[in-house]
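Structure record follows, encoded as structure tokens.
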Amino acid sequence: MATSLRIDSFESTPPLNEPREDVIRVGVIGYGYWGPNIVRNFHAQEHSRVVAVCDKSEKSLRRVCQAHPEIPVTQDFRELIESTDVDVAAIVTPVWTHYELTKAALENGKHVFVEKPFTCTTAQAEELIELAERKHLKIMVDHTFLFTGAVKRIRQVIEDGTLGQIYYYDSTRVNLGLFQHDVNVIWDLAPHDLSIMDYLIKEKPEAVVATGERHLNGVADIAFLTLYYPNNIIGHINVNWLSPVKVRTTLIGGEKKMLVWNDLEADEKIKIYDKGVEMSGDVYKLLVSYRSGDMWAPRVEQVEALKLEAAYFVDCIMNDKQPFNNGIAGLQVVRTLEAADRSLQQKGKIVQL
Amino acid sequence: MATSLRIDSFESTPPLNEPREDVIRVGVIGYGYWGPNIVRNFHAQEHSRVVAVCDKSEKSLRRVCQAHPEIPVTQDFRELIESTDVDVAAIVTPVWTHYELTKAALENGKHVFVEKPFTCTTAQAEELIELAERKHLKIMVDHTFLFTGAVKRIRQVIEDGTLGQIYYYDSTRVNLGLFQHDVNVIWDLAPHDLSIMDYLIKEKPEAVVATGERHLNGVADIAFLTLYYPNNIIGHINVNWLSPVKVRTTLIGGEKKMLVWNDLEADEKIKIYDKGVEMSGDVYKLLVSYRSGDMWAPRVEQVEALKLEAAYFVDCIMNDKQPFNNGIAGLQVVRTLEAADRSLQQKGKIVQL
Amino acid sequence: MATSLRIDSFESTPPLNEPREDVIRVGVIGYGYWGPNIVRNFHAQEHSRVVAVCDKSEKSLRRVCQAHPEIPVTQDFRELIESTDVDVAAIVTPVWTHYELTKAALENGKHVFVEKPFTCTTAQAEELIELAERKHLKIMVDHTFLFTGAVKRIRQVIEDGTLGQIYYYDSTRVNLGLFQHDVNVIWDLAPHDLSIMDYLIKEKPEAVVATGERHLNGVADIAFLTLYYPNNIIGHINVNWLSPVKVRTTLIGGEKKMLVWNDLEADEKIKIYDKGVEMSGDVYKLLVSYRSGDMWAPRVEQVEALKLEAAYFVDCIMNDKQPFNNGIAGLQVVRTLEAADRSLQQKGKIVQL
Amino acid sequence: MATSLRIDSFESTPPLNEPREDVIRVGVIGYGYWGPNIVRNFHAQEHSRVVAVCDKSEKSLRRVCQAHPEIPVTQDFRELIESTDVDVAAIVTPVWTHYELTKAALENGKHVFVEKPFTCTTAQAEELIELAERKHLKIMVDHTFLFTGAVKRIRQVIEDGTLGQIYYYDSTRVNLGLFQHDVNVIWDLAPHDLSIMDYLIKEKPEAVVATGERHLNGVADIAFLTLYYPNNIIGHINVNWLSPVKVRTTLIGGEKKMLVWNDLEADEKIKIYDKGVEMSGDVYKLLVSYRSGDMWAPRVEQVEALKLEAAYFVDCIMNDKQPFNNGIAGLQVVRTLEAADRSLQQKGKIVQL
């Protein structure tokens, strides 16, 4: 005879709020587009737990409860930031709130994981870096791409000299929307490339030229950045919210080899071409010869970047290490964005960095 | 002064086991590769809840608890199948267990949602269909592809006459692994195409020819099926576990237009070509003319197929409707698989259906 | 018994030099990379014949003889230009020779078909236009792309309002080499896009910003042009001689629809997307909505562009019509190139047109 | 003062019909779709000249005169075949004429270059091989693909053991038309793959299974061939005249590595994947492990295949060498085609080779 269901949960998870030395307790502020990924990844780590989520929107909080019934939620960020049960504040909100929230979190003794771009101005970024230093707290700016298998592999082939001296970095990052109300397309899409370029290229950019146009809501929706580096290295970023197709393609030209990174490819994201140009002869009679050899697509690690980044931040906190994508890395990106904005407003006038 | 965290859960979900007239209670058996998707989708529906998950593996059950701490788990399928708290048994296990589990579930008065292929033999399928009928219970075979935007759109362009009379359906479905121990590549990959063909083509296949080869573990890992239909329609399925690249491409040729369905495309899954051949003249002096016009890629609905399928099954149960992907649809696929196996063993000898 | 071969030529072509009212006699100067195509196309027209080819290189002339044994050749361009047997001089030489050769040809009463870019400076172009006018002779600048099926189709969808008001034109035209000694990558590759933009966009560009870098032989090998137009239209051209992959992709964003032109696609060169963004609400509370519909790839005419262009020039001469790609069209491109060079040298300083 | 044009031809070519020891004189029969390529390539070789072209169609002969005014033409193949000025007859006509023309040419002491497929029947092929042997003449069957950079490179990676033991060869060769009146799609498209497989795979096929269907003019327009080889090697060929898209993709699976050859790719025709499956454990508990490493696209030689083939035939004649693509190679393909036809007519009944 059939009986009523008396199946117990197979394994009970320990209470979340209970302090444990080997677990970093994360409070997440902001549960919009990216927040769920932050919550999922900090929650699934061995050495971290999400102990609270804050969002102004009731609807967003309902989504938290559905996905993670065990995580407490709140609409008041003060409650989260002032709680003694929280070690890290993960700030996943619009950029114009980063400064205020990060400052409050640091002042309450929390480490901060904050979305890119770090702040709206270099002054804000500098103030926060100084504050974190004084309080002996860590800041990590979420430049997720630096934790992807693709970017790590590219860094490797640059570092081991495969490409030779870098000639250029040329990225196209276009798609339809998402339109932001508060920032233009440069602040929305270019931080990815700016942080990647900082990570890959040893030299620092010296100046920026930005052009672009607005068509709909008063902020630029299409823009083109040129970055001048020492040693004739040049960077170029094409960002566009009005493209019918999504493109995520970066060409990196080097003296010895050249690389194409297509982030939309499932399997062969990076292709390295044994192609190049060689010049010989004196200045009056140059002889150009082309080299065209094999192409090679190295296997790229497939682990979710945010998972690695979350683990890395937890490790930095536990072992008191400075993350490489810290406030200073975030400041560097904000400085270039600020300069790009200034150049854009003056229709391409060069702005020194 | 900072205080301890006292944030309450924003919204409390009602107890799961409590019987509610408008909620179908689903017990899921099997939590391997596909099981998590079944659980997630039946659990997120307005009118269904997963009330128990069963798997023999302790490790799998741990995964259930991590993802869904509120769902009870068990290693004993009898407990689930005999419970009065369960309305539907979702059977997401290897094919050789389908018959036994489905039979037990039906005998215990449960509706059954069962993975494809339905059973190992037509005899088993027929017995289960008969049993379900006798017990006034529903069987739905999980031919998920029939609920994708792509397949629904293709059916639409066939039904509205856009393609004209169908000439052929030619599918390539190859990738590296997953190797199955108990079934060959035909039973693993061909059910998708067989169910799609049954759904799209009005005529029923009359005979099948299958060829193939085994290279590693004694079961065919590469195979080619030809299906003969009335009216000169021909079907062809290329399945392969040893392909270095993943391909999911189907060509459908029609009298008026032709269609390419590339399921790996993100945005333009279906392309309809205004191309064709026209014959004129008498039998001795045929004149062929080619037509080559525009190509058109209709927008394809992006909703998760399994979500729609789960909702549809819940609706069928609540409103006592026969699902179109019922046991009979499942039987039709099993019959062809069985015939294909027979043909394969005889190196392509035609087997009538 | 076998006999010696006495097969006569099936059809004898009339003597080439004999004057015929309905045949334009073309003398081609320059038989390098592009010259053979010019010769082949003017020679195969019903109403034109190539009556002489001139090149300084003996090796090039040997190639002429091999391909067209019946066409006389010379190393002295004067001989060709002064001959009374020549109606048109087709100048297919490096850009720094265009002015001198075109001037000489016009002074000797020849119509001129000249490679792009027209001249090295606007002053030269203006002088030649004036000279041709005075002599009642035609100049056609070989902007071949304007005669491709793709560009003609794009013009049609713009003209008929399919795209709505144009927002941007963004072209990527990169590949490995060919390095030029005398011109930079802008003068080599950008004329294509500049002539196409002049052809497609009603408005005239008002200013240009150019950035770029040199890595090998002292001239820029990578460059980025931004063109400012009235009505917030923006143009962007990415040219690069150091790309491991060949790219020929142009995005055109419009108010109503958007277009992608991939010139390397064999069959579906143009794709038109029913995608867009709509803004509503007041300035403080903008509501953005995205539209995503079908994609449509219109059939594109496959006739060789140069064939159509050659026929068009012959027709312009015979019927005394001004070609739309005349000296003035060529001048417009040269003016932008000159301005881009000035901007490039000043690292992106805007230059008004 | 301008003078009349007196430019002489730069270089005079020697009279064509004059016998020269180091030049093979080729007479080409058939100037339809492929004929012009044969003429161009035999004519441009250092050690061969085309001395006559024969075609029944006056229109075709006009095309010869336009392209090669110096080559005599005729409508009577006897005139060409019986001429003492001809060393080689190149037969570029429909397959049903091959036997008669080749026989006549051999009987008149000509070497024969003949289009694929060699003949309509194995009996014909055997007779011609015997005749050529008796007359000490060469036959070369135009399996052009064997001279492409791609096929040569694939052969190399198979021969050097890169792929390991071959598991399968699976080719898709589909497009719209050209419809043939006299042969079905197997005879039209499969000879390419059959000759390539003979060239790449050491083992000989033992049996063939063919299925397919006819829709328009009474001959099969879509067909699928399976070839059984020793050592569990399997071959599969998918040919189709009714495909809206052109596909030329071949997968070759090996024990160690796997290869994809996409002949429509401009630059990366061959991709070699370091992917595989390894089995371990006993028969009851098989353990499967997947290997997924880098991908590598070797550079492929870009020389026109027919140019190399023509030079090779000339070399074989001059130095009395047996071409590897001789009559016997042609016979092997015809034997499989014949068997495939028989299998097709019996709906997939296996036919031993």
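The first chain written gets the first letter, and so on, giving A, B, C and D; residue counts start at 1 in each chain.
As a working rule, contacts are C-beta pairs under 8 Å (C-beta built on N, C-alpha and C of every residue); 3 or more make two chains touch, one makes a residue touch a chain.
Fair warning: this is a prediction, and the values are worked out from it, not measured in the lab.
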Path length in the contact graph (subunit B to subunit C, fewest steps): 1
Interface with more contacting C-beta pairs, comparing B-D to A-B: B-D
Chain whose Cα centroid lies at the greatest distance from that of subunit C: B
Euclidean distance of C-alpha centroids - subunit A vs subunit D, Å: 53
For subunit A paired with subunit B, centre-to-centre distance based on mean C-alpha positions, whole Å: 38
Rounded Å distance between subunit B and subunit D, as computed from the means of their C-alpha atoms: 42
Shared interface positions of subunit D, touching two or more other chains: 245, 267, 292
Contact set on subunit D toward subunit B in their complex: 167-168, 170, 172, 174, 176-177, 179, 181, 207, 209, 211-218, 222, 224, 226, 228, 232-234, 236, 238, 240-245, 251, 253, 258-260, 271, 273, 275, 277, 279, 283, 286, 288, 290, 292, 343, 347-350
Of all residues in subunit C, those that touch subunit B in their complex: 267-268, 274, 292-299
Residues of subunit C that touch subunit D when the two form their complex: 2-5, 7-11, 13, 17, 44, 51-52, 58, 61-62, 64-66, 69-74, 79-80, 82-86, 108-109, 245-246, 264, 266-267
